[in-house]
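Just so it is clear, A, B, C and D label the chains in written order, and each chain counts residues from 1 on its own.
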Amino acid sequence: MKAGIIGATGYGGVELFRLLNSHPHVKQVILFSSSNAGEEFTSIYPQMDTEQNHRLEELKPEEMKEELDVIFLATPAGVSTQLTPELLGGKAKVIDLSGDLRLKDGSAYTKWYKKESASSAILEKSAYGLPEWNKEAIQSADLIANPGCFPTAALLGLGPLVSEGIVDPSSIIIDAKTGVSGAGKNPGAITHFAHLQENFQIYKVNQHQHIPEIEQQLTEWSPETVPVTFSTHLVPMTRGIMATIYLTLKENQTLEELKSYYESCYANEPFVRLRKEGQFPGTKDVYGSNYCDIGITLDPRTNRVTVVAVIDNLMKGAASQAVQNMNLLFQYEEKTGLPDLPVYP
Amino acid sequence: MKAGIIGATGYGGVELFRLLNSHPHVKQVILFSSSNAGEEFTSIYPQMDTEQNHRLEELKPEEMKEELDVIFLATPAGVSTQLTPELLGGKAKVIDLSGDLRLKDGSAYTKWYKKESASSAILEKSAYGLPEWNKEAIQSADLIANPGCFPTAALLGLGPLVSEGIVDPSSIIIDAKTGVSGAGKNPGAITHFAHLQENFQIYKVNQHQHIPEIEQQLTEWSPETVPVTFSTHLVPMTRGIMATIYLTLKENQTLEELKSYYESCYANEPFVRLRKEGQFPGTKDVYGSNYCDIGITLDPRTNRVTVVAVIDNLMKGAASQAVQNMNLLFQYEEKTGLPDLPVYP
Amino acid sequence: MKAGIIGATGYGGVELFRLLNSHPHVKQVILFSSSNAGEEFTSIYPQMDTEQNHRLEELKPEEMKEELDVIFLATPAGVSTQLTPELLGGKAKVIDLSGDLRLKDGSAYTKWYKKESASSAILEKSAYGLPEWNKEAIQSADLIANPGCFPTAALLGLGPLVSEGIVDPSSIIIDAKTGVSGAGKNPGAITHFAHLQENFQIYKVNQHQHIPEIEQQLTEWSPETVPVTFSTHLVPMTRGIMATIYLTLKENQTLEELKSYYESCYANEPFVRLRKEGQFPGTKDVYGSNYCDIGITLDPRTNRVTVVAVIDNLMKGAASQAVQNMNLLFQYEEKTGLPDLPVYP
Amino acid sequence: MKAGIIGATGYGGVELFRLLNSHPHVKQVILFSSSNAGEEFTSIYPQMDTEQNHRLEELKPEEMKEELDVIFLATPAGVSTQLTPELLGGKAKVIDLSGDLRLKDGSAYTKWYKKESASSAILEKSAYGLPEWNKEAIQSADLIANPGCFPTAALLGLGPLVSEGIVDPSSIIIDAKTGVSGAGKNPGAITHFAHLQENFQIYKVNQHQHIPEIEQQLTEWSPETVPVTFSTHLVPMTRGIMATIYLTLKENQTLEELKSYYESCYANEPFVRLRKEGQFPGTKDVYGSNYCDIGITLDPRTNRVTVVAVIDNLMKGAASQAVQNMNLLFQYEEKTGLPDLPVYP
């Protein structure tokens, strides 16, 4: 099997490369880059030196779609909108890690991303690649919209309760925290070490482009869905997302009942792990892995539920979830080529 | 003026020492430690070597209360309950940085701290040392209960709205994040660098002992107060607290109206700084200072208000707020001996 | 194949578990712990939750040596001295990650480790597990003394020049830097996050117990060896070692000549990567991998050579080198079960 | 007294602002910036909001040199070469924090900085601002070349031995480590948090522009001086420099003798602190202060001396040393306006 990565020099791309490079069913990984075509990959990432080194190739969609089995787009917003139409229709299946193809409503994309959206034909074609909730659609698709990092954590945390119809829809608050690798490889004032170290910051308050993605899936689970409150914070660390989710129930339920929804939803999901009562995961518990770890509690003083979901933003929030989707697309065992345990400490 | 610090070897104590050492009205700082009496302070903190070095003294309350002008208690929970009665009644005024004397209701203390509370006589005597809201009581007191770090941030953020009576009391959620110095100097699994680095964690969910302290003050501002949701997270950094506060209003108000409450509350407060519309502080903005920086916004999609308040937990959350209280107790200008600007970067 | 880990709850042990858990030739990993026998491994490491969970077993050397194919000791100094005699003589091969069996001279062990040494019979039996320089002895051994983290970096950096006999032996200075995970899992003042963050420290100056291990191997390469200068520094990070090595040559040589020694030494070594002229590795370049990356230069102003060698102290400096040794012991391909690429960013 | 800062928006500039803002003899601080003239300082540094806010002024050398008492240049290499001639000759004294005026030999500047040097008239005029070794020249100068961060640490560590004439000049190796704020405020690949975190790196091996500055002062102390080996490493932290210095003595001396040279050199220096035998400072011991802490030992195995000197690169390595120089220039007590204790933890 031959895999291609477009945008291989970004953080999502290099993480994809690491995973595909050791995937047992991937014979060859070909790296594409519009800005660095012709260069050795190791001239940009000397640490990615391995026996079989790679040159960054120029993008030739016509050839790529026939010669490759799967193409990953790890590109900034707007690129997939342009490229996807040219990459489809041949042999290759396409997995897009950007936000371009996630929103079924093109006008919502334009509103939140301030860019022209893909055509509705393309948007309809794409399956939302959250395997724990959309496995069938993924398995039969040619085009996957890999979920955003925040929506992955938030939705895996909210799904069992919202899909059950027991949540007061106006009560949902998602207080999210992320490591800085989510901001990408390009240096800027916000990612400068001296600024970020010892600095916990909030950003894009009520304005993050992942909001409509979260609400789209919530609406699918529950038509009562109304706008949610979603805040994003920057943690002085490289990897990891925690979504601390607050909500109230329509009617009182016990913690045991609540936990049972999670257990039945995720009983057969190899990448969701539920914590015992009174225990909550930290982001390092999933570092370098494809896991989403979840803890839940109910406060008897306020009757409010707190759900905590953590992922590695570059893995379950991007690259390893894309490989999980590839496994599903090609009928491989879902865990193939994905690490079984996180890196600790 | 002679100042004494009991518990000088903890993080709060050493920070107090640094501040008092350069306070223009403090001639002498005497350090007390029950566990290390007799040792040089620099044998524990070699970096605190200065021209006039200090030996850790044994506690002699009878003498201390006559010879010292002010005594700071920077001790673990339970110690002040024992010591305060012996320290009062002489010349010295007492500022307690622990949680022992903050709750007027001794049974609440026992419930949340799992320890015997101070006598109601002592609890009544103590003034809650949040200068921005309790200046008069502080100025005429002999005993100050210096606020907890989380309550300082949460209450300065909530005060202008709650005291105005415009907040739906059941809607308040405080999602708090802190650097690890708040956990104190004793090493443990949770403060091990290899565990904490790249690890964002949640802890004491709905169970933090600062909850009743927050609610006590909220109740003072608004009798409608009901239990709030309060979550604490550990950030891989040393100093800094951010409280991200969510609430809904009883009736719609504009952001301008909301901001005006903050402006009038804090117009004459030298240590509260309000951010311009659309701007929010990060914890590094107050690093090493006594400031509380606050940002606020209103989400038109959800009608929910978000307030962000940051402090340095060892400064405004402990030592520098204690010095601010000392300044008030002794009628010094409130900013005396406190840094005018944060350390950056 | 069945593998056992003694001391599974330490940092070396948990990293070994992660690697062995996904090693294609290891059917079963059994975890032993004297202090936590009977507990679930996930009660200590909840993040190590996988489909097949593990209980910590009691140590029964008599049974272990017959039922297991390989036993790893990831224990503090002194334990292997006691246990190894009981573990040998059966089916199991033994790989010791501690410092107990590395020094052939028992009295040197006693001097530097302040503990009784293993018997000379055991010390003679053990092969020093630095595969790049001792492959044959490893392949035919029953007992491996896995190298220390600092010696691994220092020796891989020094080997090509010292074994060539061109180095002035009295000129060697090794300025080493390590992340804090090398200090182990037990919390202490030195590993407290608030103390270590923003703190670069030097420790055990001229007194580190890895000094005799380095000198023993240098002496094997060159009988002219004299004591070296070796300094260790603690970096505010979790993983990674850099050895910056300074030396002068007996006679002038060009940088090209120097590089050619490295190239011929390591041409067939899959885990040593040499950097191009003018380039030097950082510790993150080998994060989570078994690589040792090396850069070298010659200063025309001083005629001094600088060699820079980096490893991940928990991987090539401990667990993954132990697995590399296991692969050699059992005639598996040397890279089996070891990650091909480092984790980045 | 009126002070001006040119280049106020860089890290050196903002730290100078913080110090001058609370200096008891400085009535007014005026900030200049060529790139941001006209903007509020708080639009760039919102955390520097204080009662008396500042607008960034345009540079008008003719007026500045008459109206200001002292002008600090906290500018990139090359700027002071241009500006200094225009700033001298009036009332103002000038303190240059850049490397432009430190090397008396203009051709050395051109060689190492790859820029045209200042005129020899200017270079002769400037006094090298290392107060512990050049106090008299500083006190009578109009123009100060404030030392580089690495030279400050290296020279304070080497001075007592080299000036004594007891060091083998060819043996000196300075292995230096720095936090990232030394690289300045402009973001780049090397300062990206995700790249730097968990990454200890070496850079500019044998090529750092601070080498000739160190050698110039060593030559002044000892005419036997030959080129030294000087390596710089980047530590994942914001502030702090450690210089680990290795050298051999011409003739054997005891550690007590060596220590006595330090004690007599620095007996009256308020900002140099010597550690007791067997103790060494870490960078956090001087965080936010003007101290240089020094530890020293002698290895009986190798007869090699190790000296460890630490500073805060933005303080003693830049801004606070500049203020110390200002104090000397204006006959204020040397410690005026400088913090007495470091920030810890």
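Everything that follows uses one rule, which is that a residue touches a chain if its C-beta (ideal position, glycine included) is under 8 Å from a C-beta of that chain, and two chains touch if they have at least 3 such contacts.
All values derive from a computational prediction rather than experimental measurement.
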Partner chains that chain A and chain B have in common: C, D
Given the two chain pairs C-D and B-C, which is bridged by the higher number of C-beta pairs in contact? C-D
Using mean C-alpha positions as chain centres, tell me how far chain B is from chain D in Å, no decimals. 36
Roughly how many whole angstrom separate the Cα centroids of chain A and chain D? 46
For the pair chain C and chain D, the C-alpha centroid-to-centroid distance in angstrom is 39
Indicate the whole-number Å distance between the mean C-alpha point of chain B and the mean C-alpha point of chain C. 46
Please list all residues of chain A that touch 2 or more other chains. 11, 179, 181, 185, 194, 197-198, 236-239, 284, 345
For the complex, give me every residue of chain B touching chain C. 11, 179-181, 185, 187-189, 191-194, 196-198, 236-238
What residues on chain C touch chain A, complex-wise? 11, 14-15, 17-18, 21-22, 45-51, 181, 185, 197-198, 238-239, 270, 273, 275, 279, 281, 284-286, 288, 293, 314, 339-345
Tell me, which parts of chain C touch chain D in their complex? 170, 173, 175, 177, 179, 194-195, 197-203, 205-206, 226-229, 231, 233-240, 242, 244, 246, 280, 282-284, 287, 295, 297, 299, 301-302, 304, 306, 308, 310, 345
